[in-house]
Amino acid sequence: MAHDERRRPVWVGVATFAVLIVAWFALTTWTSTIGPGRFPSPREAFDALRQIWVQGYADARLPVHALHSAKLVLLGFVAAVGLGVPLGLAMGWSRTCEAFANPTFLLLRPIPPLAWIPLAIVWLGLGDAAKVLVIWFAAFVPAVINSYSGVRSIEPHLVEAARTLGVSRRRMVTEVLIPGALPMIFGGLRLSLQACWTTLVAAELIGAIAGLGHVLYQASLDLFPAMIVVGMVAVAVTAALMTIALDIVERRAMPWRRA
Amino acid sequence: MKRHHWTFAAGIALALASAGALAQTVIKISYQPALYWSLPFYVANEKGWYAELGLKPEFSTFPAGVPQIAASASKSWDVGGAGSVPAVLGAVRYNLLTIGITNDESYANALLATGKTAAGFVKNPASIKGQTIVLTANSTGDYAVQSCLAKWGLKKADVTFKSMGQAEVISAMSSGNADLGGLWAPNTYTLEEKAGAKQICSGQDAGAAVPGALMVRADYAKSDPQNVARFLAVYLRSWKWLNAHKTEAIAMMKKFYAQGGVTISDAAMRKEFDTRPTFDLAQQLKIMHRPGANGASEVDGWFANIGAFMKANGTFADAPMPSKFITDEFLQMVDRDPKLKAFANRAD
Amino acid sequence: MAQGLTLRDPTAPLPFARWLALTVAGFLAFFAVWWAAAASGLAPPQFLPSPGAVAAQFVELTHTPFVGYTLQQHLASSFGRFALGFGLAAAIGIPLGLMMGWFRALDAIVTPLFDALRFVAPIAWVPFAALWFGTGIGGPVMVIFSGAFPPCVINAYRGARFVEPRFIEAAETLGASNWRMITEVLLPSAVPSIVAGLRVSAGLGWQSLVGAELIVASSGIGYLLVRGQANISTSIVMSGMIAIGLVGFAIDIALRLVERRINRQRGR
């Protein structure tokens, strides 16, 4: 049965988008079923895009906003991965470490990153540091959990075999632990990255001067639906690009999985 | 698509509600919690004045003017009060009409500085150049701040604005992460009393009139003009009463502010009354009166300035004509109806 | 089990007493660091209250109303919105995912759309949510929905796609209709995957709720946070954070129990 290896024909996807765009025109421009104050027409959305691309909106042009956001996400993400993955690996490897670190983790984990915003402002001010802290909280949890489960999912006899061969501690980590946990780690990184973007928009409510979240915030203060759409699309595209970049890194890091 | 369900459900709810409560019509009223001009809504409900005129209020509250205006698009409310800046935005985007003035809040919208920097800025306003000011964009606070800058001969480009909600402004200033901020009362008092900040310039100081607006959705005004007039009568009566019974008024204000999470001193509450003039029916009609066919009223002048400010901010390309969205039609209705007029002027 | 192999195997389960001691030490260490940071004057108590001050505030909030309601009432109002948004996401997402797993055409149509929308952060919907549904109940519910919906769809879809082919073949030879195929073959085999998805979905939904309430709401736990912030009361903010954490934790535990129970039943 072909049920399992079916492929989605590309043309259906293209057709879906075409139908949707036609419907968009039909509902807004041609029949104005949806009023301009509720959802923009394609024309308005295009004008808004041109405005932010050429003259700029919310104090900067679109690429500047996107780069600023990407920078914040990257900073928060790298900081979270840099701390989260080693912690997750350590907790996965050593029960002692797990038992000791788990309580803190349990206490902090369920608090949504956005709830840190008020504290981030009073602790770190209005600069990038506060935003990076909030983003860090978002990315940290998935990084730890997945690295932890990654280690736990390594086949025990692999570890045993390495041990009986008298492998050194360092080689155990670099040649057994990390490669074994890598697939799960990358799964976690993907979630982390997504969480970073989700949080970014809210983080940029903290007195940003640039950034896609700032564009969205400003557009919502101006009640400017066309610019809100542009902002949302920009967030989605930038996030998708970063995910693709992560995919490429993943493939490079695990050449053996290419098949 | 989904809208039909909503309106349908709302229709059923409305039908049930009106069947249940003897000939009382539901009116959906919006305001912002813990604000001076919101107090009459609360007081009138406590006193049962809406019911006296056959209205059954359903309140919805919003943390700021802009989401409130946005929610009018989904018909979340029929009438309400907000700052004049959101009111102009609502006029441009969603045909909201301004039908009365809640209060003159020129003094209550202000630029504040942290305790240690205030004296320096007051002595030498030019030193504000190059500073960062935290404020809520598109708000009356924003308007007051920019008016103050203009008074000192500074331009918007001379400073850096960072836009955020009032709660964030308070956090940023109280923790010393920002020295200058645009706020409105009672947030100004919170910051003065709990973080030692100082008000260094208000809209009043800068010669900018900052009114608060009573608004109605245009289609509601068309379908239920009577209810709009009754709503105004209740609001006017509340101010009459509040101004005539200061001690009780302060006590109710305290309760009302606490419900919004604001705890400021009695002195600050008294100051609210002392610095923010309100208008009774006759005064409202006077400031909204347009002399001649093309004449502009005093209120028209205030709103024209606000429109110009918002245009300069880039909020919209063309400021709306005040005569297009400000109307005293419903105040006139109250004035013409002896019963409503008497009701609006009662101070007991 | 690698237990008998070597005494120094760090992956071996710890004796209970040792585990307990370490866990308690972990808790103590957390609060000790917090307390020390507060007591050292690193940050003024206004911005970093001690654990004791926060605990006292938390207790006070449960019986003295703040911004009109007690802590429980705020939580109840938030939870109501959450339940509605999450329920809606599950009610629409799971059937959609299953059907996508069965009908090729639907899969081909929906998947690209879905992939495009997935990258839009739930919070980014806030401006439109306010515009379309207001900020009372509709707006926040829409934001929660946009956070909780994707995992419901994805996991139902995956569950349906990885049903053992022999089950499908068997059902096909018995001449099962599309409806019966989905409800009696796909759905039961997809249950573990769906429940796992619901857990993720509930977590994201609860987080989105807090975000929505921080920005536009006039009641609920996120609103409590904002008003606490506006009143320069960090201990209220922290109490709110703890309450949010506790409820999030409770939701996760509840769904974990459901998951375990289902897996156990199916294990037999």
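All chains are identified by letter, namely A, B and C, in their written order; residue positions are counted from 1 within each chain.
We take it that a contact is a pair of C-beta atoms (placed from the backbone, for glycine too) under 8 Å apart; a residue touches a chain by one contact, two chains touch by 3 or more.
Just so you know, these numbers come straight off a predicted model, no measurement behind them.
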Interface with more contacting C-beta pairs, comparing A-C to A-B: A-C
Longest centre-to-centre distance from chain C, chain (CA-based): B
Whole-Å gap between the CA centroids of chain B and chain C: 37
Distance between the centres, which are taken as Cα means, of chain C and chain A, whole angstrom: 17
Cα-centroid distance, chain A relative to chain B, in whole angstrom: 39
Per-residue overlap in chain C, given as positions that touch at least 2 other chains: 47, 127, 130-132, 215, 226, 228-229
Numbers and ranges of chain A residues touching at least 2 other chains: 37-38, 117-118, 122-123, 205, 220, 223
Touching two or more other chains - residues of chain B: 70, 73, 165, 167-168, 171, 174-175
Touching residues (chain side chain A, partner chain C) in the complex: 1, 3-4, 6, 8-9, 12-13, 16-17, 20, 37-39, 93-97, 99-104, 106-119, 122-123, 156, 159-160, 163, 194, 197-202, 205, 216, 219-220, 223, 225, 228, 231-232, 235-237, 239-240, 243
Touching residues on chain B, where the partner in the complex is chain A: 66, 69-70, 73, 89, 93-94, 132, 134, 136-138, 160, 162-165, 167-168, 171-172, 174-175, 177-178, 314-316
Chain C residues within the chain B interface of the complex: 46-47, 65-68, 127, 130-136, 138-139, 215-218, 223-224, 226-232
Complex contact set, residues of chain B against chain C: 6, 33, 60-63, 67-68, 70-71, 73-74, 76, 165-168, 170-171, 174-175, 187, 190-191, 194-195, 259-263
Chain C residues within the chain A interface of the complex: 1-2, 5-6, 9-14, 18-19, 22-23, 25-27, 29-30, 43, 47-48, 104-105, 107-109, 111-113, 116-117, 119-128, 130-132, 147, 161, 165, 168-169, 206-207, 210-211, 214-215, 222, 225-226, 228-229, 234, 237-238, 240-242, 244-246, 248-249, 252
